[in-house]
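Several structures are given next for inspection.
You will see two complexes here that share subunit A, one where it goes with subunit B and one where it goes with subunit C.
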Partner chain A sequence: MSGGPKKYDAIVVGAGPAGLSAAAELGRAGARTLVLDRDTRPGGQLVKQTHKFFGSEKQRAGTRGVEIARLLREEVAALPAVEMWLNSTVLGFYSDRVITVERVKDAPGEERREWLEKVTAPVFVLATGAAERFLPFPNNDLPGIYGAGAAQTLMNVHGVRPGRRVVMVGAGNIGLIVSYQLLQAGVEVAAIVEAAPVIGGYLVHAAKVRRAGVPILTSHTVKEAHGREALEGVTVWRLDEKWQPVPGTEKYIAADVLCLATGLSPLAELLFQAGCQMAYVPELGGHVPVHGEDLETSVPGVFVAGDVSGVEEASAAMVEGHLAGLGAAARLGLVRDLAAVAAGWRAELASLRAGPSGEKIRRGLAKLAGQTAGMAASSPAGSPVSPASAPAASAPAAPPPATSAPKPGKPGRTLSPQLTSTGEPAASELESSLPPADRRRQGPYAVIECFQEIPCDPCHKACRTGAIGPFPDINLTPAYEAAHCNGCALCVAQCPGLACFVVDENYSPSEALLKLPYEFLPLPAAGHTVDLLDRTGALVGSGRVVRVVRSRSKLATPVVWVTVPSEKVGTVRNIRVPATKGGAAE
Partner chain B sequence: MKTTADAVIIGGGITGCATAFELARNGMKNVVLLEKEYLASGATGRCGAGVRQQFGTRINCLMSKASVELFENLNDYLGFDGDIEFNQGGYLLLAHSEATMAQFAKNVALENSLGIPARLCTPEEAKEIVPHLNTEGLVGASFCAEDGHLNPFKVTQAYAEAAQRLGVEVRKFTEATGLIMEGGRVAGVRTAAGDLATPLVLNATGSHAPLIAKTAGVDLPIIGERHQILVTEPVAPLQKPMVISFQYGVYCQQTPHGSFIMGVGDPHEPKGFDQGHSWDFLHRVAEKIAWLLPPLAGIRIVRQWSGIYDLTEDNQPVLDEAPAGCGHFIAAGFSGHGFMLGPTVGRIMAAKMLGQTPPIDVSALNLGRFARRELVLEPSVV
Partner chain C sequence: MSEGGERDENTIICRCEDISLADIRRLVERGYTTIDEIKRLSRTGMGPCQGKTCRLLLMQELARATGRPPGEVALGTFRPPTKPFKLGLLVGKEGETRDSQDTGGGEDDGGQGGAAR
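So, the complex of A and B:
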């Protein structure tokens, strides 16, 4: 009944960004490669990510996750050496390096079939990603309590709204992004609850949900959930400086959905089974395999890539996938000068991790490097793992020319407590984003409300006039020089953080024109009257839509031109299309 | 931390924990138990946890009968605030050959003479007891309704907690690296965390027992052999008894929460301390169980793992002091059925260590029997 295992040159487990990138390298090198994924479509987490990605152009910044998944899929599909089995869950990694796979055929109209398959190869890339963490609190098993990623899958993959009113736990990027997508799906988000005193995710994401009216309660956590058959409400309470709950601060919030975005843990079971040396590194999400820069684990021929090697980002996952794929191909003798081929990717990875938002990862990798003593030489513990080629965050920019070229943002800038704890920029920060008064009167100018150092640069790529200068380090904040700006709003349409706006104070004697990004349906049409909202989502007036610009590129964000009473042009940052009006034009 | 003890127990499985408790219950004040990992991390926490009184040797019948009596009241006996989950659904031993059936007939006669209510069954009667049993090729069976299975973690925990309440110190993650011998007598135990002076040691380290014995100059003929086992998803109650076939080497029980636990023996399993697992085990066990108990074919497997049998030549343990009078006591070599004997072995070894007469005469299970070729062969084991 049981035949022997099928043999390949290489096996990749997981068809997320990491696994697909690894498969692409292996396939290009000519290795007969099998890619396995338990899902029915390849792409991993990307298939549900309808938002635009950060990072640089190399990792397809400004592209939506789903689109990246499609591009990766096509790249791999074009390689004849690569075979992909979907609906195929890897169950075990055995000591003879055979892995068992549960395969399912579930075609409509056919009888469902399940069977066990065994495969083996001299090299493996394990890219199984990570799983969502759960929180302990009373009644956490009520229906209606989801991982944020699960809610995202329901909405964006299956087209099902998880409920009507959501409380989100966790103000990291996942909590913020999923909250925003829930709003886009027409679900009310009652609050985002975050135990830390500061918002962990990118502040541009926080600002986005904040101006849609969602309060972000930092230093708060869930006390308990309520409901009989299903969730009806949540009690939250405040935490003091020592993270202890403060009795008497309980707030009841009615909700039928509670989403937990409290972190991810690497899906490391197969690594344990393979006998890889593991280390517990909280900064990387938990138990991770000890590995060097070549992404090979302590078990020769077993490589890792992506979140399973340390929870990070899709951008890093792709680069790691390339490195692991190249390393595995080199092991097979299919890549000659690995060091030379890998150098570019290594530099890429180091630059992604160079800024302040990569600080945690660097710390985690340094800890891990401390464990690799005896394995391949790596950076000594305590120092960042970036090779010398990485642009250091503090590298001085080229000296500014005498003319008014945009000055790059200063690294290491401190953010106001108001911004980091609520997502609303402080007055001083807003002040700093405005051109001088005389320039403001001269015509339209951009306002870039991007104060935090994050690895992102599409605004520069979008700007044709040079008003937004190049980023000497992708982690710096944008350098904007109003003198060159013509108010074209291309940056507004391209910024994945929706942090760019264009203001024309001279539109009419009493009105200014605001060009803002708008990602909700229905889109308003010219002539419609819309509500004007401030940075907290509060109603501050009404305005008239002058134009809606939709670029031919699917990737661009629609830009709405709306009139705003002159005195409110510094306050208004969002619009709401009233239920009865607008939208008809769609 | 203590540096002296009246007795040191090495090994935190059922044998060590039960003996530690019985020593303390009998008044020994200063007992330390050393476990190199966590309690029940050895064979105890990896076993099928079946308890039967149907054996081919008088000594096993007596020990297991005494254990069943203890298991029946163990929650109270140990003051355990949990439940050891003793499920007395019976044990159905299958005979797929005339020879096995003839052995069962002998066993049942012996068992009945000792007050064990086992009986022989025709294939039809066996099917009444386990309606989903495939009786093709079945010659007959032996059944005892008092047998059953329990939760090995809870049993170990119950013993360890009761022992600690009586003053036993349990040191987890503390490995004994050897015995300190002085003038042919035990003087202490070496551990990674320092020496512990003691005149009395119980070597209850299962398959590791020869390693400790060696440091006392004793050659203990026990070899480790890997045995694999698996658990399925929980399903509605279907099967009350443990079903076991010596011919096919398989056993299968359903736990109270609905999961099936099953295993299959294989003489080709690696010897030593390998606790890995193989994919062909899945095929072997699935093939046999799906044939023997057809409805189980549709149930999903959740996990497989393995443990190590501490095998002796006659499939019987060594319950002895060796060299005689030196203070090094051995309770190991259980050959795959030591969990069910645990409560009784605890009493026997405590009595021996205290210089008292054990409740059951186990002198035949001495170490010298192998050299003298006086084996106590147990025919009825997987």
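So, the complex of A and C:
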């Protein structure tokens, strides 16, 4: 023997959104592919993402992450050419392109087995993802201080609440989403603290936590943590415009959990070991492999995809996975016209990154493309490395010129400082989301509080009346024409950002009807009285639940129809089911 | 001790090996300004997580201390294994397959194979 490594056509390291997408392409092309993951179930971080994804249909927008994991898993499982080893950690990537894997079999009722195995292949897709960043501050080793992703794993995978009262550090998408999920799990979120002067995540996510009453403190950071045996509280302080803390602005917040959502850095150890040329690009999360549009690194046959190639959204990771898988399959001679086959995916990726929310990624990729120019000389003949056509360079710096859409949908709109620093839309923004006064009196209409250009289009896909027009560019805000809206609330149930509402001002002489998305348990039932909350989560009255619409579709968000005093219909955007009365309807 | 000093003592850089910011700053004062030097002297980054948490914190601190951009602070060498594992797996134990006994750390991996740390 037999000490020799097992041979495959392709090895994919990491069974997250990127790795599974790559494996699907390789498997479909007929490559004998081995997928390795250290976890006991495939899906990577998708398995704990209970929120709906953004993007377009091709990246399964509107679908919850955990469901995407299941779909990807089934897709790969149906491919006979693909073999998957779970509970299998890659320990090293050696100079002869052999990788060592620590395997564990720990089935219930069987004796636990651990062993090492060597495998090799002519092509690799390294999709190892990213790790959470940590922060240096006094007492940062107290129990109760977690990475936000760790807290999310505790809740959504293991069903364990990390504590009772949380301070979240970081208002990027992870900080915002995990805060929302903590609230869903019944954990209080005392505040979200963000060092930057603006919220980094999608503002629709910010609005969701804000209307649940969570303050977002921008230009603030942690001064220190307090506690004896475990965390008891956190002191935060304000940062000036030069990011320096301002003495005298300290604020103590009692909390037994501090979650750090301060960014991710690529898990690039295997890339370093493989000898890939690396570059430090802060916009992409730190040290990333220099790579071309086909996601091949400087080491021929070693491809990357997902966060390890540059930290981005999972939708981009999946597209990169397809591209890396196709590139690797082409390397094996299993895909003939790579450029043609990959063109669609490349366009998808460019479109995901084209809007204002992709600006940082584009800047990072442009820096990386500078590095790629140096690499092209040493890259093997026939490798389609072409820095000039890297997505960063070809993506438009600004969205295309304005269309004639009458309502939101105009590109390049400026967001109010209030919205970007607190998550609460300014009066002018709310005004712009309303139909003309005469239309408002005519019957139910949708209000779409989606002001930021992010890559997302499920509202258009949901709309049956043509009120929400198609997206010429997926990064535009919805083009909404109230004249065609019948108030059906399909958009309310589909919007991943929970930014659509339906208002009927004529419900009764003194009451309006509000149809709003609601993702908390217990759901109220018709007849129940609920608290009415405004966009900051403040109590502004009480209303009666008229109906709760739960679509058979797994994708849909429950929509609660609730009466609202007429004068408050523009203010109320959330409800709270009182703990003592009203009862639970499961 | 000054307030800053006490704050640094209580600020942990490497959780696995319990190395504080003050420990790092003392090493820097003695002239050690690379990740590899500090790793060898203090075991920073050599614990169970193999530097996944502290390496970037150390990089930032060294950048600050030496006035270099973070990207110019050498990260040090990344060697297998990426995580600790049992030495028994290298020598092979009773009940394991023959494959596993021959796996890992042989000559054919270039001789750098997996000494568990």
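Rule of thumb we're sticking to: the second predicted complex is superposed on the first by the 546 of 586 C-alpha atoms of A that agree within 3 Å, B and C clash if a C-alpha of one lies under 4 Å from a C-alpha of the other, contacts with A are read in each partner's own complex, and residues count from 1 in each chain.
In the analysis below, a contact is a pair of C-beta atoms (placed from the backbone, for glycine too) under 8 Å apart; a residue touches a chain by one contact, two chains touch by 3 or more.
Remember, it's a predicted structure, so these values are computed and weren't measured experimentally.
Which of subunit B and subunit C touches more residues of subunit A is settled by the count: it is C.
By the touch criterion stated above, A:527 is placed in contact with neither subunit B nor subunit C.
In the superposition on chain A, contact is made by A:265 with subunit C only, not with subunit B. In the superposed pair of complexes, A:116 makes contact with subunit B and with subunit C alike. In the superposition on chain A, contact of A:143 is made with neither subunit B nor subunit C. Within the superposed three-chain model, A:95 lies in touch with subunit B and with subunit C [touch as defined at top].
On subunit A, the surface touched by subunit B in one complex and the surface touched by subunit C in the other have residues 1-2, 92, 94-96, 98, 100, 116, 118 in common. Interface residues of subunit C, counted against subunit A in their complex, comprise 6-7, 10-13, 15, 18, 21, 50, 52-54, 56-57, 61, 70-71, 75, 77-83, 85-86, 89-90, 95-100, 102-106, 108-110, 112-114.
Residues 276-280, 282-283, 287, 304 of subunit B are the ones touching subunit A in the complex.
Interface of subunit A with subunit C (complex): residues 1-4, 89-96, 98, 100, 102, 111, 113-118, 131, 133-134, 136-141, 224, 265, 267, 269-270, 272-273, 279-280, 282, 286-287.
Residues 1-2, 5, 92, 94-96, 98, 100, 116, 118 of subunit A are the ones that touch subunit B when the two sit in their complex.
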